[in-house]
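Input: a single structure, listed below in structure tokens.
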Amino acid sequence: MPAGEFRYPSSPPPETEDDEGWVWNQIKEEARCDAESEPALASYLYSTILSHSSLERSLSFHLGNKLCSSTLLSTLLYDLFLNAFSTDPSLRSAAVADLRAARVRDPACVSFSHCLLNYKGFLACQAHRVAHKLWNQSRRPLALALHSRISDVFAVDIHPAARIGKGILFDHATGVVVGETAVIGNNVSILHHVTLGGTGKAGGDRHPKIGDGVLIGAGATILGNVRIGEGAKIGAGSVVLINVPPRTTAVGNPARLVGGKEKPAKHEDVPGESMDHTSGISEWSDYII
Amino acid sequence: MPAGEFRYPSSPPPETEDDEGWVWNQIKEEARCDAESEPALASYLYSTILSHSSLERSLSFHLGNKLCSSTLLSTLLYDLFLNAFSTDPSLRSAAVADLRAARVRDPACVSFSHCLLNYKGFLACQAHRVAHKLWNQSRRPLALALHSRISDVFAVDIHPAARIGKGILFDHATGVVVGETAVIGNNVSILHHVTLGGTGKAGGDRHPKIGDGVLIGAGATILGNVRIGEGAKIGAGSVVLINVPPRTTAVGNPARLVGGKEKPAKHEDVPGESMDHTSGISEWSDYII
Amino acid sequence: MPAGEFRYPSSPPPETEDDEGWVWNQIKEEARCDAESEPALASYLYSTILSHSSLERSLSFHLGNKLCSSTLLSTLLYDLFLNAFSTDPSLRSAAVADLRAARVRDPACVSFSHCLLNYKGFLACQAHRVAHKLWNQSRRPLALALHSRISDVFAVDIHPAARIGKGILFDHATGVVVGETAVIGNNVSILHHVTLGGTGKAGGDRHPKIGDGVLIGAGATILGNVRIGEGAKIGAGSVVLINVPPRTTAVGNPARLVGGKEKPAKHEDVPGESMDHTSGISEWSDYII
Amino acid sequence: MPAGEFRYPSSPPPETEDDEGWVWNQIKEEARCDAESEPALASYLYSTILSHSSLERSLSFHLGNKLCSSTLLSTLLYDLFLNAFSTDPSLRSAAVADLRAARVRDPACVSFSHCLLNYKGFLACQAHRVAHKLWNQSRRPLALALHSRISDVFAVDIHPAARIGKGILFDHATGVVVGETAVIGNNVSILHHVTLGGTGKAGGDRHPKIGDGVLIGAGATILGNVRIGEGAKIGAGSVVLINVPPRTTAVGNPARLVGGKEKPAKHEDVPGESMDHTSGISEWSDYII
Amino acid sequence: MPAGEFRYPSSPPPETEDDEGWVWNQIKEEARCDAESEPALASYLYSTILSHSSLERSLSFHLGNKLCSSTLLSTLLYDLFLNAFSTDPSLRSAAVADLRAARVRDPACVSFSHCLLNYKGFLACQAHRVAHKLWNQSRRPLALALHSRISDVFAVDIHPAARIGKGILFDHATGVVVGETAVIGNNVSILHHVTLGGTGKAGGDRHPKIGDGVLIGAGATILGNVRIGEGAKIGAGSVVLINVPPRTTAVGNPARLVGGKEKPAKHEDVPGESMDHTSGISEWSDYII
Amino acid sequence: MPAGEFRYPSSPPPETEDDEGWVWNQIKEEARCDAESEPALASYLYSTILSHSSLERSLSFHLGNKLCSSTLLSTLLYDLFLNAFSTDPSLRSAAVADLRAARVRDPACVSFSHCLLNYKGFLACQAHRVAHKLWNQSRRPLALALHSRISDVFAVDIHPAARIGKGILFDHATGVVVGETAVIGNNVSILHHVTLGGTGKAGGDRHPKIGDGVLIGAGATILGNVRIGEGAKIGAGSVVLINVPPRTTAVGNPARLVGGKEKPAKHEDVPGESMDHTSGISEWSDYII
């Protein structure tokens, strides 16, 4: 193992029938191991993970305590989260898919529990899903209040109406902004400072649609009701105002397609899963300079 | 009304004689309506809005509770804000102008109360105005402490010496940085991650001057004592180091004027109010690629 | 002194033998002076600075109270910080070097105490150094929990394994992301929204190496195991995927070397110390447009 | 109505079939009326009562927030209470009986909601019932931790093993101490500073047994495994070390039976319900002096 | 000065024209002196006293922070207290009279600031006066909520309708209970665990009336609408159910008049001011045994 | 073992050479066992006991978190306690002696950790010892502030100048008041509501002196500079104004010596250790009535 690496010695998690139960057990085992080796953290690990009987309760507790304020009490939020997670199993399976996404795609993610406890992108996304549910139940003032807390606490600003798939990795996550009519597919990876923004002051459908398997690099800005095709890659710092075809790469400000507008190069892999930010970009970059 | 839209059914607010009173009444009506429809939020709405006799008290309470810490108590901050808002009516009228700006320009802003409670850009801006007042009263250590709290809590970093007009919309707001000698005019709209920065380590007048009605897109960086002319538009992700003439559009890194340096295209509308981020940009983007 | 300037009248601090003692005394004098002139802030100044017998205790107290949460108590963090600062004198001398860096390079930094109390970049960096120490002691779960708190509270996301030198200025700091295998030399200045990121999902050495005296402008993104040579300058908003030679300037997205790839212009000064963001860039910018 | 009196104009509550539902509706109506007349209190009333769908949830929320500490979080306690109240209907009916007891017997109790929110005796008793349940489930460390919080917060110290009936009024309640093997029947009224204590350092059954309908005056001390017969009255400040027969009155230090040891006077009423502290005592007091 | 004694070297405070201003200045001087000698306490002293411009603001701040809870925020209470103290000068003069009472009568009271900050009896009494004012303004739910907080935090339970004079010393104060229709005159001293209670479950005028200058010893219980005459003394632990004539002493359980019922001994001094608990009692005690 | 009893199965603790280490190990073992059996409490047990390397640190942490307020931060108090406990080994050995006292004398004390965590009398006494140390170091304002917090939080009011021995059991403890010049010997047991009070408003030596091995029953009031001889017993509710000879029993209000003033009955046991409250009292009580 290279120096500087640190990974829990668990075999790669299989996608079995009771996958969600497997992940929760894994989380508890990791937490137990950490609590034993680090007494200073044991209290934290027991209160957030080890004292809970399910992933839903653990997440509800953790989010309630993270997002509460002096005017929105932790008990109120805990209740809200617990109720949502208990009555909608899809929230739990989405959370598990996101945990897997972080674990597999982010080499700095040393364990599921590390992601559950510490990844603001993961936590913001789970809280968003509850806000989204409230939005769809027409409990919009509450959804917006939750949205505001997520933005304050995690600096992640996802409008509660935005639709987000499963297996999402918001890596680092600080500064992410996702607008009201944005849609994000499955298995998408989005780095920090990414904006999926609107334009103009008219309402209606005005935000980007991100296909499955897309990778959006740090600081990229995508504006308007444009379509980022399945498996496309958006380079870091790009500014994208037009559609990007599937499995192509757009880079630069304003964004250009690698390989040219007419016949852009197509890649084989799924960047949202391979997390390959730069191949196909750096050569080009060399070329340009 | 398109699907996914949600707006309070109030007629567009007239700018009457007692405009500020009208807006405060509207806020209370909205909050009352929300409290009735959503008991889980009623406590929050009463403590932040409905229990207060004026917009100034509501804002002071809300900011005091948002910005307090274990070493800067909410009562101290509340006192500070209340004193500032009570003795300086211009702070109140600026707040009302900002509320109107959000309501009119941001299609995701469903009500005044939504902005008052949840918009970190709005809250950071009102708190900044108080810090600015303290700065001008030579209460600079206090102004800087307040500045620091605003930056910690909202991730909005406006130096207390910066001068900011009325009718400002800081949309999303996370990551905004505004330097010490920056000046922002009236009716300006600034998206998140925008930097109005200095350059060099010498003091003196070293930050941008933003004219009335300017729109600055997400992630734009403007550095040095340059002048962004009235009604100009700065594209998302642009890096601007030189003056931008009035009613022109600068885009790219480094920023270029749309239409060319010599004879840039002039637009008619006021982008800071129309929020048109992309017209005139995307064609050009097409052209370039 | 130009209008809008505000500086403590202390002569520039000498680098004497007991430099660290000198700085601490200076901090206390500044705080005492502020407490006297501003009773509303006196309580804050006494609790954070004036009641403490050393810089280490003051910092530990301040960080403990800033970074605590309902599940990670301030007493636990205080203990952790105090223990680290007490047993490792290099942490204290690094803090003093960073205080000097802010004081000398940032014209908005009016005093050492202003930096100690209010600069999120300074505080995040000191807390990171403790997390890094824990990481190296194989107390990784604790290091990662601390990392997460720093990211939540300051929106500064530095992986605990990243190696950072002395005399660092993280100016404004919001949105900074520094990856696991990144290395930052001495006397480096890094503005907000800067990313030192990796690429791909494989582990190993995959993040930038930043030489001594480098200046990285706001919003710059540097990806992969590339080398930014000593005294180089990276323009705001640049996206850098390749090595940058010493004392050269890279700008743009994708980044180009000022003066051309083959024979880039070399500057004499140390940008990380001179903080000259734009000279050599703006002319070029003019040229390009 | 005499001056200084203040009562809600509701007719005396009937003991109907759905008595508990009736009381909860009454509480909500009172709270709604108070919230309307007193905006400053509305937030409190919504968070504690009006936002909840049942008495159990309201009580769990209120107790969780009252009894929490920095090391025993409100969410944990809320969960604990909610689980107990949801799974054991007898806890709810006991709470309703206690609410009725306060409302009927204490002329200063102006409403059910007043008791639910403000009576430390009522709240301590409901929390004790949960601690008692935990004790009986052999979750004793948790029961004792809860016991400790009740004693800290309300200055009411009831050992979790003590058995307490229904329709109990702990009036004022400060300083009440009830030992491990004490038993309290139904419809008992106990004033503040009352001790039901043990004696000696041996374990076993060593605390008083209080029959139905007993009234124990302020500051009375009853020690040892003695029996206070049904309907008996213990005068304020009495020290009782021996059995007291049913429907008799014991007063003084050491306590004597009114009317004499051999043929004590028997009263007809039930003092625990009539709250007649002094009749039969003051004449005797006159006589003695 | 005897060993174990510790007094601030101020001359006894004159009752001058601007007595209240004199006391507030004295408090600030004491706090300044303490802050200088004890840096660990300076933050506390600045936040509670030295940062405030008046006794009213200091008291409002201190009470707001002492009595707040997670559901009754400090800002709300601060506002409430400040409004009461600012609009009713009699509250301020009563507070000053109480400060003087503690300073003169309690040898353990080393300074005015010591009483202002640390005496729960003093603080409970000032908070009660505000609750009483609210009660008289028919803001009874708010008065009762405040009453409940005072009882929780200080273990001092004074019904908001109770009428209390000036120059009151509640010494130690834990466990004091004062009922709804009780009246306490001026210059009264009441020790801890004292009950001024009612009897029976009927409403109306049912609590004791305490004349000017009365001293009530620790643990005394006075029940019913009885009159304790001016300058009377009630021995510690006494249980009083009948009137006590002026300037006489009642002791015992049940209480007897010293000197006999027919011709009780009259004392010359004012016990509420001389604090002579035992003279006239101990001889008699000897005699009895 | 009788029903209702619950004891940890540890053999009675020997008084070995490293007695204090033994007790601390025992505490940790108990806590570990509890944490395992009750996950809901594990976080609490880790944060208060299991994460600490010594009894001193555990106590300092627990007291700091119990006694802190919004104006006296937990970190400050933790520091204060830790410093005191670390530099004065007698504080630690006194704490261990008090733990033993509770464990041996109180049948409801099921374990050392139960006492350490939950006994307000134990915690108030340890905090008092630190306040007393500060008092003797002439840090009196700090000692008094601590005194005030102890009284607020635990309702135990011990003047910081009071001198207290080792092996003390304050059982239940609510309402205990101990005056400035009081002295308490070793192996004393004091029940709740006990007052060791002064009399008069003159300073000087004016409070009771309690000999070794004394037992003072609930609600007893001892006033003035009187001497309670070694091994004496004071009955519950007694009011004592005169000296009580060694190994005698005083009961009643006013207190009389059992067996008569001239030739009081002497007992053999040490009531402070045997906790025999009533033998010798109840017969007499029978006799009187």
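In order of appearance the chains are A, B, C, D, E and F, and numbering begins at 1 in each one.
Simple rule for what comes next: a residue touches a chain if its C-beta (ideal position, glycine included) is under 8 Å from a C-beta of that chain, and two chains touch if they have at least 3 such contacts.
Chain labels with UniProt names: A, B, C, D, E, F = serine O-acetyltransferase.
Only a predicted model underlies this, so the values are computations on that prediction, with no experimental measurement involved.
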> Which other chains touch chain A while also touching chain D?
Replying inline: B, C, E, F
> Among the other chains, which touch chain B and chain C together?
Replying inline: A, D, E, F
>> Using the stated contact rule, I'd like to know whether C-E or C-D comes out ahead in C-beta pair count.
In response: C-E
>> Matching over half of the contact pairs by residue number, can you pick out the copy of the A-C interface from A-D, B-F or B-C?
In response: B-C
> Are the two sides of the chain C and chain F contact the same residues or different ones, given that same means over half of the numbers occur on both copies?
Replying inline: same
> From the C-alpha centre of chain A to that of chain F, how far is it in Å?
Replying inline: 54
> What whole-number Å value describes the gap between the mean CA coordinates of chain D and chain F?
Replying inline: 27
> chain F: which residues touch two or more other chains?
Replying inline: 40, 43-44, 47, 51, 65, 70-71, 73-74, 76, 155, 174-175, 193, 219, 237-238, 253
> Connecting every touching chain pair, does the picture come out as line, ring, star, complete or other?
Replying inline: complete
> What does chain D use to touch chain E in their complex?
Replying inline: 2, 4-7, 34, 37-38, 40-41, 43-45, 47-48, 62, 65-66, 68, 74, 104-108, 110, 114, 117-120, 153-155, 172, 174-175, 191-193, 217-219, 235-238, 251-253, 273-278, 281-282, 284-286, 288-289
> Which residues of chain C touch chain F in the complex?
Replying inline: 47, 51, 61, 64-65, 73-76, 78-79
>> Show me the residue ranges of chain E that touch chain D in the complex, using the header's touch definition.
In response: 69-72, 76, 80, 139-142, 144-145, 147-148, 151-152, 155, 157, 159, 161, 174-175, 177, 179-181, 193, 195, 197-206, 219, 221, 223-224, 237-239, 241-242, 253-257, 261
> Can you list the chain D residues touching chain B in their complex?
Replying inline: 35, 39-40, 42-44, 46-47, 50-51
>> Looking at the complex, which residues from chain E come into contact with chain A?
In response: 70-71, 73
